[in-house]
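Paired with subunit B in one complex and with subunit C in the other, subunit A is shared by the two complexes that follow.
Here is the complex of A and B:
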């Protein structure tokens, strides 16, 4: 599923991302390679997404245990002379990056992420409403891949929706490739309005 | 210049951070805010009848509003932290300075409720906090489309320092920062500044320094 925009994960950083299986530490090494691991250090349970990236390793903020892209523990600072045993590792997930979006594999997908023909990612929004409420707000249906085209005056914008396990939706706003800065600001505001509308519909449904 | 300070107060931290970034030496006078409620003592009420901290004293100038303290430190030591001559930039600095008061009321209120058991409607405070964070996220995103990494300009201003602490400490009030990628990039940019200062709950970027090397670890 699409979890983040490439621009929101610069080299040498780690961010939290969400999968149905729970929170994930999504990180990019200094050389630019993205990776994803369970968001929990096996040592003391601290979220690895609170940690930091140095070189090609992700380190926990708590005691500095660091992990390679394949999930094995590389270093335990309190025991500098110890080669960490093979058994200390974090679960990892397959990551694909295409057209400016980062995807994490859930299970064993048979296909590659869909291509975003003509569109480029703009920003990611968390919507406190389900896909159905967003579809109702937009007056359109999302495709099987989660693409929702906006109608009428917002033809240059498209949303890529990804339902979260708690009823929230992660919406990546996509915009037609040639848009300038003013168009991009306008598209961001359109997406914010749509989110307000969808959340309003969701609230109404709950109170009824 | 004397700062009446409490280490865990995000508003006091704004002033300490600004002083560090602009190279101003502060004479820190610790106040026993909790549990001593020293900010309501006769001595401090004489300085600030509103009974709040921080208080910044420099000669006969007594400031009790943190945004004014940021403006004073910048004007004195590093005017590049103030707005430049462009009207939009001047307006944006004022806009976000005022906005920072809403962060204090919402995220700061939620934090006081969760950490010091202050009475309040925690659900409402958190909802207002999320609304403020969304506004900040959108504002920063729009700035990035204009080629600017900070709230009012391509360089940091006092507006960034006014907004940063309560945002960074939002999780203390039970408000998650996970949904805000642009705030994350901005927070990183602030913490990457030369002479950035930490406070409990806001740490520096460890990766900016080389890995500490333990004596004899190459044995």
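Here is the complex of A and C:
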């Protein structure tokens, strides 16, 4: 699943991301490697997405327990001389990064994420509507990979949709070719008005 | 998740200093209650069905019970000691289990990360061995000889000191902390955490203090403590699950967590499970 734009996850930061199985902590080490782990420190249940990144490790904000990219606990600050047992670890997910997007593997996909040749990611937005409502608002169908090309006057914009478990949809806005600042602002506004339209349709459907 | 064993306990339901004739609507373990002053100036707590609940007024707070308390409200002898300043800190509402709020209060290992540069700072993260016991006669959890390096242990402290702590859990949602008193070596400052369980995953936390501090203004003392509790809230509202897991397997304790291990064991022994999760999910 495409969970975030590369540009929204600078080195040394962690953010929450959503998968059908729940929240994950998506982080990028100081050297630039992205990683994803369960969003729960096994010590006291604190969300790891509230934590901090130092070097090549993600630390929990509650007691500073730190975890490597493979999920094993590296350090327990309350016991600095103790080597944490192998059994203390967080579940991790496979992460791929290509064409400016970060993907997290759900299950065990055999293939790589689809290439988005010719498109550059612009921004991500959460739409409080399902994929069907967004398709209806756009007057177009999304591909199996979740790519939705806008029609008519917005041919330079493409949305990469990923359905969330609560009926919301995460939409990454992609823009074609060389786009200047004005094109980018216009594309962003087009995506926002499409979002409003889709959310309106979704509301209507619920009230009917 | 049974209310039964905890229903006969005392809980804080408000500050005496803030009561008036009009009363205040609040809740105790999912039951709506009303806390007010009566015509004679006594605190009166009314349950959801209009019945009058048992009431005590102590430590600046009004206490009530939904059941029939078998024990008197726990004693804090320092509350009668001359020379102390008594601080009603107020209330902090936290979207968490009342038991999680108490457990966090018993924990020192989080100081360098959550109360950075106040109650702790890296690299002083090590938790040295301390003593924990369940005192059978008093039926209380005690942790003693707890030592920790603190950059600013109290409003009255200037510079870093190694602070000594003692913790006491005299009731399922209350804890009393005894702490090195910077201006008066040999005495202990008393800081309490009185937790009012509104629901299993929602509580009002009423900190209260009995300090030796003639310098700081009341506003500064309250502000210092509120800062600490607001930092704690950012943790407490983001723990998964919201309820406190009492069965092993869901969370991993270490030696630094022995107070919490004893607290959980004591809760389980008494069936104090309102706000607890019993089966690992």
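The working rule: the second predicted complex is superposed on the first by the 208 of 208 C-alpha atoms of A that agree within 3 Å, B and C clash if a C-alpha of one lies under 4 Å from a C-alpha of the other, contacts with A are read in each partner's own complex, and residues count from 1 in each chain.
Just so it is clear, a contact is a pair of C-beta atoms (placed from the backbone, for glycine too) under 8 Å apart; a residue touches a chain by one contact, two chains touch by 3 or more.
What you see is a predicted model, and the numbers here were worked out from it, not measured in a lab.
In the superposed arrangement, which partner chain does A:61 touch: subunit B (first), subunit C (second), both, or neither?
The answer is both, since A:61 touches subunit B and subunit C.
For subunit A, which side has the bigger count of touched residues, subunit B or subunit C?
Counting contacted residues of subunit A, the larger count belongs to B.
Report for A:88: first if it touches subunit B alone, second if subunit C alone, otherwise both or neither.
Only subunit C is touched by A:88; subunit B is not.
Output check: A:44 vs subunit B and subunit C. Expected answer is one of first, second, both, neither. What do you get?
A:44 sits against subunit C, while subunit B stays out of touch.
One more residue to check, A:12. First (subunit B), second (subunit C), both or neither?
first
Based on the superposed arrangement, let me know which partner A:123 touches: subunit B (first), subunit C (second), both, or neither?
In the superposition, A:123 touches subunit B alone.
So, does A:76 touch the first partner subunit B, the second partner subunit C, both, or neither?
second
Looking at the overlay, does A:107 come into contact with subunit B only (first), subunit C only (second), both, or neither?
It touches nothing on subunit B or subunit C.
Can you give me the overlap between the subunit B contact set and the subunit C contact set on subunit A?
Residues common to the subunit A contacts of subunit C and of subunit B are 61, 77, 80, listed in rising order.
Touching subunit C in the complex: which residues of subunit A?
Residues 39-40, 42-47, 50, 60-64, 76-80, 82, 88 of subunit A touch subunit C in their complex.
Looking at the complex, which residues from subunit C come into contact with subunit A?
109-110, 112-114, 122, 125-127, 234-235, 238-241, 245, 250-256
Would you tell me which residues of subunit A are touching subunit B in their complex?
Contact set of subunit A toward subunit B: 4-5, 8, 10, 12-13, 15-16, 18, 23, 52-54, 59, 61, 77, 80-81, 123-126, 181, 184-185, 188-189, 192.
Please name which positions on subunit B make contact with subunit A in the complex.
134, 138, 141-142, 145-147, 178-179, 181-182, 184-185, 188, 203, 205-207, 211-212, 214, 216-217, 219
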